[in-house]
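Before anything else, here is the set of structures, which you'll find just below.
What follows is chain A paired twice: with chain B in the first complex and chain C in the second.
== the complex of A and B ==
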């Protein structure tokens, strides 16, 4: 018999496996045409209700806007709302897609055949979020274009600072997604938790209003949510000419949150992996 | 290198009892918080002290009815599950402490056809799993081509798996297990759901794989399959190995016995009770046949001649009619009945 196996295990082969997970996920993603809807249509439809409400409240002569301007220092209320909802959509999609990545594989029955391979298991979670991240970055780009073209939003800030904010937004948003993905494998009432988290983000992080309008205790909670900082920093960077110094404190907070959520996500993943081996949870569907 | 391909010592797996099952035993309070419920859940023993020693190069059949613990045993061997207690080693590596070495020594096909991606083609699936198995890309390409060729999937290799037949999917799943040329193969109910022709081809393939030097542990609840393929068979029931021998050895255990096989239309358990009480009848097992209201009744006895007249007389009663009757040599099915008092397939 050809007695040696063909496997050659090392760091490189683990990276190659990670890359294989990414391209697998990308191929499957492109085969479901529903991504077109999430990429082009959702960003237009979702903020519409808020925008129209805002327009109604601003009054025929826009006197309502003066107060808004006084509270936010921004005159571009459409852009203000658009950015809040964009970040909310991003987090929401990450919870559903990255958060359910392992759960869906479990339902399909492929999770076990993946986990039988001699590959670093976190690669399956990490790898399946990369195409998701790419599609979300595209979504952000497409949305920005659409808001400019159809709603006349003027993004007068700095492109580079905006990109910097997005870069710092990735670790906390995806760290939360990883944490979720691991909990969802062993917990049954997972959907309820997604609704809870996105509801919390919607209310506390000021996606359509400045946090200043919240009562004190709610502001205190908002201070613990990374999305609050992402939204604020993104608005500062994208809507008006601002310096790096204006967003630096928010970026620092995001770096801390990012480190925290990524570590938590990884720890919970390891915990789940072990627990699943003991209870048989990964094979159940 | 260890002498044994697979060894288990007092292997035990207990599961927290499933929610529905647990609810029957205790009134459970429903809480919104789904994580870390602290009250200890009742445990269910799926594998209960299994000892196996599988030789290099043999085909070992694990034969048992539904829920016997076959899949759970396989899952522990391929490191998807951790044993609750006991020990298992594959290719000389401990399944807990050397999980990665175990995974590199194994090719595993779990039951069901969902272990591959339906939205990818057969070739894409194999290329993907080759990378997961750390096969260098240049080697992988050739290996994937060879396997596709061998499994006679060349024409359809670039179609999506969702368009395949069950047999083709199973061949891709087996190719996936063969990718890295692992010395040991674990096949969990490999012919389940296949049509007879596909099942026959697959059994031939399994024999070929053994000739090429693979050690094969397969599970099945078809006794003909276990009989035909296996060098040795372990019969497993409710988590325990209740007999382990070559197929011939197993059948010899009840060699003195004969089996009277009755085909009847209409069956009344009262007749069963009466027949069981006839002196000389060791066991009696009714099994419903595909056709409406027809049953196959197996009677084990040491001496068929002595009891035949009584049996025939007692059967034709209360609308039960004897259709056919044979006196046969015991099969593995009868061995199982003899050991457990129940039929392998219900």
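== the complex of A and C ==
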């Protein structure tokens, strides 16, 4: 008689494992409701620092603002900066949450025992991202609403094109998160790596200024960062009445970056998984 | 004498712990520069022929980077004292050593002050390196009397110690205040005018800024070092800072002693 062991895995059992991880992460996520405060407050206060500085740069007679309008082609700076900072916040939170998903399991002391479960191990990482993605989509919605209500930003572009940009932004942003999660598991000073990556995004991707004001070598680096395209495409789609053609080149770049970062994330995860078995160091931090 | 030895021991322990993670130390230097980079390039986008005329109309100087860098350095010191003591207590709680430290026969306010010493020294080192790097990258120039700038800085920092004591007592009671600290420190940075002249704030927000004594500290230091016009006469701003110092030191020590006694009664000192 043929016996069925618990260790035999298939697509269905892997999906069940994924569902279990999602369910666990969701329970943990809902257990600490302070994220609700962050959800409403951060989208308001983070751009505020840059917006008030921009207001000072404009001057009482808007001398500076005219120059900014000439440089960016945008009629108002508030929406321009708000969108840049919103995308930066998204990437920042993904680095902290998805990037630290496995690291946090190490801290809790559950990673090693979970690793021994006869299931698809990538589900641990993928499952951790789902509640995070839901909360981030919520944050994007709340931010848009708050910018309209409190900052008076007029989103005159297309809602559907904006949603399309968000859809294309998910693979590169989360692919980077997966890559990061696998790398920081072996690093003792993981915080410093988050500061480095988010710093690169902050400096090169034009969150508060047009890329054109950067020196040539910095523009060349910006061209290799997906966040540059996300910010530009989202500004075009949300702030001006542009057609699909206006964002199509950026979406194409995002598709390529998305494929690259997801593949890299998965490859590094597999490398880390193999290395963990060889060194037996997965429980250490 | 024994109190001084205790201060030294606390500071030395924090010093060793800090340098145990050298990458974090490097990031302390570069973090403020990373936050400043978007401001620098944004300033370029608003400038006409490299001159930030709009900014000058509010602040009295077109050299916006020196204005903002000074604000950033002072904010670094403010954060070191303001939140440093509370965070250090939280770390002791998490490490499980707070209760045993509390049993040592030294004044508890001294333990708090000891925690801030290393913070201040590290902030001085990292801020100096930051200024050198920033001067090379963005340019930085002060033309006032650096020694005179300490006249407003000293009462401001001492007043902050008072606030730090009060905040530390709150950490003892709440046992976690990270979200609150992150947000309030960010708001404080905004409303004290760390990266812009508060005169440019909308009229309905300006009273918030003027109600925070630290605003006058930043304003006075910039007035002395950059010769920018101050919100009020310099003498009045310094007098306000001295009053703030006396009030906060008294209030902070009172709040700490009261809440610390309460926590001992509850017996929750070792919990986190």
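General observations
As a convention for this text, the second predicted complex is superposed on the first by the 275 of 285 C-alpha atoms of A that agree within 3 Å, B and C clash if a C-alpha of one lies under 4 Å from a C-alpha of the other, contacts with A are read in each partner's own complex, and residues count from 1 in each chain.
Please note the rule applied: a residue touches a chain if its C-beta (ideal position, glycine included) is under 8 Å from a C-beta of that chain, and two chains touch if they have at least 3 such contacts.
Not measured: the values here are computed from a predicted model.
In the overlay built on the shared chain, the residue A:26 is in contact with neither chain B nor chain C.
Of the two partner chains placed by superposition, only chain C is touched by A:54; chain B is not. Contacts of A:62 after superposition on the shared chain: chain C is touched, whereas chain B is not. In the superposed model, A:40 lies in contact with neither chain B nor chain C.
Touch criterion met: A:186 reaches chain B, while chain C stays clear of it.
By the touch criterion defined above, A:279 lies against chain B but remains apart from chain C after alignment on the C-alpha atoms of chain A. In the superposed model, A:266 makes contact with neither chain B nor chain C. In the superposition on chain A, A:115 makes contact with chain B only, not with chain C. In the superposition on chain A, contact is made by A:16 with chain B only, not with chain C.
Residues 188-189, 192 of chain A lie at the contact with chain B in one complex and at the contact with chain C in the other. Per the touch definition, chain A reaches chain C in the complex via residues 34, 37-38, 41-42, 45-46, 48-50, 52-65, 67-68, 71-72, 81, 188-189, 191-192, 195-196, 199, 202-203, 206-210, 213-214. If you check the complex, the residues on chain C that touch chain A are 21-24, 26-27, 30-31, 34-35, 37-39, 41-48, 52-59, 64, 68, 179, 183, 186-187, 189-190, 195-197, 200-202. Note for the complex: chain B touches chain A at residues 15-16, 32, 34-35, 72, 75, 78-82, 84, 100, 103-106, 108, 110, 112, 114-120, 124, 127-129, 131-137, 139-140, 143, 173, 176, 179-183, 212-214. By the touch criterion stated above, chain A contacts chain B in their complex at residues 1-10, 13-14, 16-17, 19-21, 23-24, 27-28, 31-32, 108-110, 112-119, 183, 186-190, 192, 274, 277-280, 282-283.
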